[in-house]
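Shared chain: chain A. Partners: chain B in the first complex, chain C in the second.
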Partner chain A sequence: MTAVLEARGLGKRYRRRWALQDCTLEIPAGHVTGLVGPNGAGKTTLLSLAVGLLAPTAGTIEVCGGVPAGGAEQLAKVGFVAQDTPTYANLSIEDHLRLGAHLNPRWDRSIAQTRIERLGLDPTQRAGKLSGGQRAQLALTLGLAKRPELLILDEPVASLDPLARREFLQVLMEAVAEHDVSVLLSSHVVSDLERVCDHLVVLVDSEVRVEGEVESLLATHHRLTGPRRETDSLPADQHLVSASHTDRQSTLVVRTEAPILDPAWTVTRLGLEDLVLAYMEVPSADTRRNGDARKPALEVLR
Partner chain B sequence: MIEFTLDGRSGVSPYLQVVQQVRQALRLGLLTKGDQLPTVKDVVSRLAINPNTVLKAYRELERDGLIAARPGIGTFVTRTLTDDSFAAHAPLRKDLDRWLTKARRAGLDDESIEALFMSTFRSAQEGVA
Partner chain C sequence: MTWLTWRQFRTQAATLYLAVAAVAVVVLVTGPRLHDLAKSGANLFDNLTKSDQALFFAGVILVAAAPAIIGAFWGAPLVARELEHGTHRLVWNQSVTRTRWLATKLGLTTLGAAAAVGLLTWAVTWWSSPLDGTLSQSRGNLPGRLTPVSFAMRGLVPVGYAVFAVVLGATLGIILRRSLPAMAITLAVFAFVQVAVPLWVRPHLIAPATVTLTFSEKALDSISGSPSGGPDRIELNTANHGDWILTNRTVNAAGQATALPAWLGDCLPGPRQPAPSTPTTQQAPDITACLDRLNAEGYRQRIVYQPVDRFWPLQFAETGLFLVMSGLLGGLCFWWTRKRLS
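On to the complex of A and B.
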């Protein structure tokens, strides 16, 4: 397995505040990886480090086998669509494509033109006059026509309406199917990512809480509901992710490879959204004691 | 050609939903030997899902000997699931209809009927296993 992004002990500090801390992460090639976490978790910082817009305060990061923004060749390998899909308001669509062709050695003119035609956009129109969805599509077109090995998108659909959101993701997934491009995209809305991502990184409070292939994450996390009990009594192979109690009932989210045999528990599967939310909850004293839960062993199958 | 749909609320993983929809179509005779399945690119651009999801579903169906990929042409159905039991569908359906009428007459609402069916189905499965 080759990695498109490898971070070791990566950190970024602004004055006294760490925006990202001790981040060790390996993102495999050939996947669509979702980076989720609440606002302010450090998603944008991590992505900016990956494209070389920021330099790390601590640790190292390698993207597509090189230092981010470390030369023309490296820049050609990585595409980046920044938050709110910025374009040049005064330039026409045509100008954007011409600019792209001049600035990118691997520019694919036919991809760019086909996309704009299929979107039904007038090439002479200025980007400032486009709707939010159209502007996002233009930014995506530029990112794809560059033919990068890794395309990084920061909250690409956050500001789009549901239809534009779906259309954007359709184009993105079609590109993944057609060209050999790995994708890393961030969002604070899990439902956006559920269909498109096969790999997931959950970032909370500038730390990676959990990471892995979506299928295996879903298969190993369970919600247990049953009569109230202390969480110390869990079998050793069950890592506690989150716990909540009423006076009679306990509801736990645990991660385990083994089947849950205790008949007192009602076991249900977790959806991706619930799984992410369980990791986003501020860890209670219970989970802190069960040290493994905060940072479960990283695992990547395949 | 069939079209896939995804139910985001079902809790069934997308790849499994694709597998189930193909198997269902084969079982009901909607797909028969020689029919072409939508290309990965078509499915992906229609549903906005990860291509690996579709590939995984198709691989599983291929492993089960139901479909085969012909490189550069497409993916085709190689076997149907409408075996001898297909002929039994109609009478069984009639029995079920009769049973449903009986259940309604006994005062069961839709939810109770579904619950009764599923719990009976599950305990019967356990009996077999």
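On to the complex of A and C.
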């Protein structure tokens, strides 16, 4: 399987602070990959590195087989919808489409026009007068009509209301099915990603915590509930993700390929959101002692 | 990329070119009369109206201010506005490299500014050409085109200034990433350059000429006294009125700069004497005698100057200097955009 994005030891430092550190990652082609993590985890930094808006401080990154923003050809392969979906406020929708046509050799005029029509937007309207949702749709249209191999979206729905959010993701999914493009999108809202992604990367504290196909992630993660016990007594093939204890009970999230045989545990499957939350909890001594002191690292929206 | 630059730029371009057209109309309406007057052979200066003189200086101010304004309003926001609004993240992810993006944007804007200022200067230079350096028969004159008042507002130099101002604005905008501070600093830096160049740079673009003159009433420009009544300094004119005089010093027989002898004070209509109700014809012989005595004692006047016929060589040299500075700043723009902006 070819990778659309390959990072090795990738790191980015702003003055003294590392926004992303030692990130090694391979995102396969043909998937919709969700990049999830709390605010400030380094999602935007990783995506900016992938489109070449930032240059790495350490390590390497290759996107679609080339150095990000390495030249016009490389730029043509990668579409990007930046955070807050910037557009030129005093240019009309029509102007934006013309901009796309002038600046992209692979521009597909019919995609752009059909999409604007389907959205019911007036092409002469200025982008500054559009609602947040419409602006995001315009930015997505620009990204799609460019016919990239990989479309990267940075928190595309973060500033949208729930309805616009749903619409945007739906349009994105239709477009992906129609145009055969790999997608990498970030969000701090798991429920958004749950609907659209078949591949997931969890980024916490500027590090990749887990990545893989959603289905296999869900199949290999289990929540174990049972009488209180120490976590180091787990079998070797069970990798502990998180643990919380009350006086009498222990609740663990483990990752394992093998079936869980210990009859003391009640085994339940995890939803994607719980799975992500489990990885976001730093398995420190603190969280082990106070099982209910979960900090809401992740915004949960339904 | 050309299309996008034009689309973003057309309103400002239209505004500027309309303003230039308005100036051209004023020039065409008022200019021919001055050219006819100059040809008629009458003393031009004495026939000028107050509004002619006002227009003359308005032209100077206009050409001096135009590059600064264009630099601040076109150059500074050129990239800074994109950075402020985040639109650079949109445009840098089309299939056009940052370098080409900046080259087109900066190149077309600079060309537009240079052409506009070139047209403006051409009109103002034509309008002012009969007036530059005109002398009254009695008293008064207008500055010649080689003097600091007019030099950078005539001919080719303003085009160099315009290019420099736009690139300076763009560079500051890229480094500061904010339009407003970049505009303010562009104006400040450009104003400083406009003052610094005639003071310290222009006189040395071509090695100035030196001439040592004997004193004569014909060459005498002025004698001034110090408040105590003694003589302070004496200034002579060079043979050609349009020369740009840089220093005007009295030297002794050994060729060293020196103070004037004290006896020269008696030649001055100083505060010791009552106000000269007597006509100056009575004093004229006195002054001639004084100047002869200065010559006899070995005093000479040494004048360092740029001769009037160096107008065009100096114009080319200064334009070249500004284009080179613009080139260096432009290089910084590209480097900063590629390496430091994200």
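What we mean here is this: the second predicted complex is superposed on the first by the 284 of 302 C-alpha atoms of A that agree within 3 Å, B and C clash if a C-alpha of one lies under 4 Å from a C-alpha of the other, contacts with A are read in each partner's own complex, and residues count from 1 in each chain.
What we mean here is this: contacts are C-beta pairs under 8 Å (C-beta built on N, C-alpha and C of every residue); 3 or more make two chains touch, one makes a residue touch a chain.
All of these numbers come straight from a predicted model, not from anything done at the bench.
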Room on chain A for both chain B and chain C (clash or fit): fit
Chain B versus chain C as contact partner of A:His31, first or second or both or neither: first
Which superposed partner A:Gly271 touches (first chain B, second chain C, both, neither): first
Which superposed partner A:Cys197 touches (first chain B, second chain C, both, neither): first
Touched partner set for A:Arg166, first chain B, second chain C, both or neither: first
Touched partner set for A:Ala177, first chain B, second chain C, both or neither: first
Touched partner set for A:Gly100, first chain B, second chain C, both or neither: second
Touched partner set for A:Thr87, first chain B, second chain C, both or neither: second
Residue contacts on chain A - larger count, chain B or chain C: C
First, second, both or neither for A:Ser48, with chain B first and chain C second: second
Smallest separation of CA atoms, chain C relative to chain B, angstrom: 25
Shared chain A surface residues [contacts with chain B and with chain C]: none
Of all residues in chain B, those that touch chain A in their complex: 6, 8, 11, 13-15, 40-41, 44-53
Contact set on chain A toward chain C in their complex: 48, 51, 53-55, 69, 71-73, 75-76, 78-80, 82-84, 86-89, 91, 95, 98-100, 102-106, 139, 142, 146
Interfacial residue positions of chain C with respect to chain A in the complex: 1, 3-4, 7-8, 85-87, 89-98, 100, 339, 342
Chain B-touching residues of chain A, taken from the complex the two chains share: 30-32, 166, 169-174, 176-178, 191, 194-198, 215, 218, 269, 271
